[in-house]
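Each of the next two complexes has subunit A plus one more chain, namely subunit B in the first and subunit C in the second.
Let's turn to the complex of A and B:
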């Protein structure tokens, strides 16, 4: 029903908000009377009495000083004039808080961030429900438009020879990790398990392929000391919490007028319930995807535990039940990545991720061997089979270059990333290149970022684009080693790196929270929202405009490309990929890269 | 009545500017303040002393991972009702 609404700004000049609301009310079919600014309360009341019919009075107040007294006086006057029982009175503006409005006796108070729709609902006497489709998002396959063709044929040819070398080497080899992956692939029916029909024959064979902690679990039910099972009350609470939250859940698109980059953040508090809380908040504030972080001991343990478990320290334990709960809590549009890249459970992680419904995984033989403590031989055979599983379960995966953080030069880390990517493409998988946007040791030593943080990062992207037509997802997170414990600084550096990535039109980014540099405790949910908000506003600021690197970026790109080519030549000269890793061709001890020892001497010939 | 502290998902951050002589004094003030509010799991996330005082962010964890979260158990209690 049509309402007559009087709009009165009780400020000297500020009436922009009321004009926007007035336009919305007219479009919604209501009649409005917009009064001039700065009328006195008695003049506004006089105007209302001069009209035949007024249903609603909307006041606005932007300036904060004296607002409480002014509004209290206004309400007293409307009472004295007998208006309070006849019309509804709402107050809004930058100086208004709903609590203050309610305390003073207004029918509604609209603070900063109020939408026009919210006010229309008040006028029409409807309950305001935020649009559940604030933004309609759907899952995007970031590999879809890439053919993985080499633009640098010389590098492509060398990579082809190295891949053949690895494929030939891997032919008759296996490991406990590969065997567990095959068991999980062949003997575990996820749908039967979801129907509570058990694990089939899996656990008849599985424990003998595990190390001590999982073996104890399967023999006696003993858990890892830092874990505990959830109670029934907690599980019920989660279900209720999810039901209520999902009913009012909506997602946000951060990219403004662009389609790229997709924005990912990580979770892994240790507790799947807390993770779900963090994920829901991240989705609501605009994350397009989330990345599962497991505990560091998980990467050095042969085999997984089972059950619905929470963990007291960083990293959420990978079990089918934990992953399944998290999967069930995700919004339909959210891309879900489960990292598999670095430890003794890499193949089985890929299988579990694939069966439970992850969209993406993460595999890198070189980083796993040089930066994450896994024996190179073991990591190579496990990585090889992980790639095959990723192909089977149709999961693209990123190939990280985090060995750069130890001090390995970017060109060597890139050579390792390109080797794994080429191998993946030959095995039918879809890799995603993940260069770091980082203030790395190499950068510090050589002063590549003495002037700006743009050119060297841009040079990396230019180099990769000159080598291969493949998706690029800088991370993880962008701006590595530029964050401090200062919340404002941390959000700013993330947002600026995000805008660089956006300007370079990469496919996705992983962002940190503002707790990135804080090591005193778990990452908090507001810290995650900090960076999502900063990225949102930065993307809004730039729109389709962007950051432009200087000519120096092209020089860095040339430098990286020639370094990659030389590194690949050295791998070929070593005659064997695993030997090349041990010799430091892809990152040496002097550069801070040490071949890992976890899983040493566990590779066997079939 | 809901206890607001129970509805904190994980942590409460407090940012302020203390008029004080040095960073350590600012840190002590923040820790003392958070403890006086009844929090026990407290820390300083960030502190920077320049000239007139310390810009500081303190944190009180309401819950650590694997704790029993009242915001979740309250839902279970509602369900039971």
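Let's turn to the complex of A and C:
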């Protein structure tokens, strides 16, 4: 039914929003009267009285100064004038939040980001349902369209020989990490545990495979010194928070007209409660996936603790209860990655992730050995079994190349990534290549980015595409070492790198919050929203248009490919993969990569 | 067996409405007087929407009758029995009338329109005698028109300038003190909805299409055919300085007398510039215009609060700050002839005495009178 709507800006100048809404209302067949800005409240009421019939009054307010008192006075005036019970009154604008409008007694409040359709629904008395195509998201398997065939047969052949070498080496070897992974795989029934029916026989065997901190925990209940249990009140608070937030949140989509790349955000504040808040913010502002960051001490400790725990350090403690709480908080459409790649708990992390319901994990033997402090021999056997578990639990995993940040040249990091990927494909798993988009030490020294940040990063993608048909997920995060303390600058560089990734049609990206490198503690939600919004609008800006690298990108690609081939030859020449790591073939001490020591001499023969 | 409906109105957020309400509730409870509690709109639950500072929530005890919205019933720590579900809608669900079975804290969210306040007042009446309190929200004042009297909470959060605050309070008090119109019964029996002019015999001369008198033209049109020696103009809604100015000009050089009758004083309090509006109103008497109201809503008392939230630019937060209390109290007391309190310092005993002085005999809803 046709409605008569008066649109009135209670503002000295701003009325753009009302004009847009007015146009939408006319198109929907309603009669409107758009008043000029800066009328006094009683003049607005006078205009309404002067009309035969008015059904709805829509007000707008952009300036935030004294808005509460101003609007209270306005609504009072309509009440005293006897209008309040006769017409519906809505208020919108930059200074308005629905909660404030409701508290003041308006029939509706429209904050920033309101659509014209939403207001039309209010006018017509219909329930507003956001565009289902915008908010209906589903999980996407980014590995689905790739066959992992080599386009560079020479590199493919060398990788095949290296994989055979590793498979042969791994036979009959094991480690405490592998054994815990197998225990968790065989003895722990997640469904029974979820029904509070205990852990079966797991903890009869588990503690003896752990180092001191978990052993103490299983013997006496003593926790890691920086760690504490959540109280019952806190757990209830979390449930209440989740219920309330879920009831009023929806999920966004960052991509505009392209489908790729998927956008991932990391969390790992140390507190699962805070993590869940961060995850909800990521989801509400459009992230397609979230990445669980574990604490660095956890990577160097044999075994996990148990219980719903929080701590004040980097990364969030991996326990079944922590992961389960986080899992339960996720939107159905959110891809969930639990990184496992670097420490002494890699195999068990993959098993836990798989059993609790993660979609993706993260494994890299070379980065774990060279950049994250785990003994190469240990990392190799643990990585090998982790890949087998990832295959078993149907979890694709990315192979990260963050050793570049230590100073390892991209071609060497790529050689390591391709070795792990080839091994994975042979073991039936689905790896995802994760080159860095970064202003890395190698780039700085060789001035590869002297003119622009595009060519070298594009060259990396061209190189990988010339080698293998596999999914590519630059990270983690993109734009590493281009960020500063200035949030706008950080959001800008992240968004620009995201657009490069979009233009290169990669499958996914990981983006940082704008305070990730400089937060001095947990990152903050506003900083997370900074980059999500920056990326969303950058995708909107480009649409299907793209960024064109110069010819230099192809030259960098050729340079990387020949470097990869040479590195693989050197690995083969070393005769053994672990020996090659120790020798610096995949990243040397001079370059800044040091073989790790955690878990040294713990690999045994069965 | 008495009853009275009181509104606690604030001139701004953080002037102490909820603190005043809580203190009155405690005192009523102490005296064993039944409590019926609700609010005009709601107060953004625990956190103040604008400043982010926490607000006290109201304590309720067994036997209290509370009218609040469905979502507030779900979050209360008190045990409640639902007595009635009203058709009054709020953003937090329909208003429920409940009885407290065991004590706890509650957030009240009641109607925010005058018509709904009237409706709820009648529904609450069915639950027996006692003191009904409508706790105010933000600086909403209009729905207070449906109460039997208001207690005004004001203070530094409204204005940190003590003389300005005192003058403003004085005007509020003066408007609330406008007397009943002389021929009230003759006019109220007519149930007047629109602005209407009557002659000296209460015969209708002219009327407008709506309840408020806003423009010069409307005002002039009303008086086009007015030639009696005396008239009665009823304005059930609001009016403007322009309209008052026109009345002044029409009558200043005339021998005719006009009785200007407003629906209630609260309608006048919604004027955008209260000080100049009141000056205009005062000037009317020099033009032979007598001002009265058809329904009084007296200002029973004023509570003053020296607290105000001060904005700190460096942290982008509000921090508590205070103006000089004695100076504030004395300054306001000098201006008005109703008691001034600070409930944190003085308690609510005298406030409750004043409230009870305005109570009237409770008439059960089923009472039948024989002529």
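The criterion applied here is as follows: the second predicted complex is superposed on the first by the 487 of 606 C-alpha atoms of A that agree within 3 Å, B and C clash if a C-alpha of one lies under 4 Å from a C-alpha of the other, contacts with A are read in each partner's own complex, and residues count from 1 in each chain.
To be clear about the criterion, contacts are C-beta pairs under 8 Å (C-beta built on N, C-alpha and C of every residue); 3 or more make two chains touch, one makes a residue touch a chain.
Quick caveat, the model's predicted, so the values are computed rather than measured.
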item: Most subunit A residues touched (candidates subunit B, subunit C); value: B
item: Contacts of A:524 with subunit B and subunit C, given as first, second, both or neither; value: first
item: Which of subunit B and subunit C A:46 touches, first, second, both or neither; value: second
item: Which of subunit B and subunit C A:486 touches, first, second, both or neither; value: first
item: Contacts of A:310 with subunit B and subunit C, given as first, second, both or neither; value: first
item: Touching both subunit B and subunit C, residues of subunit A; value: none
item: Parts of subunit C lying in touch with subunit A, wherever the complex brings them together; value: 12-13, 41-44, 49-50, 90-92, 112-115, 137-143, 145, 193, 209-212, 214-215, 236-238, 240, 266-267, 269-270, 272
item: Touch list for subunit B against partner subunit A, complex; value: 9-11, 13, 15, 41, 43-46, 48, 57, 59, 61, 63-66, 68-69, 71-80
item: Subunit B contact footprint on subunit A (complex, rising order); value: 227-228, 231, 233-234, 236-241, 244, 269-271, 273-274, 277-278, 281, 310-313, 484-487, 515, 518, 520-522, 524-526
item: Subunit C-facing residues of subunit A, complex; value: 40-42, 45-46, 49, 68-69, 72-73, 75-77, 79-82, 84-85, 97, 99-100, 102-105
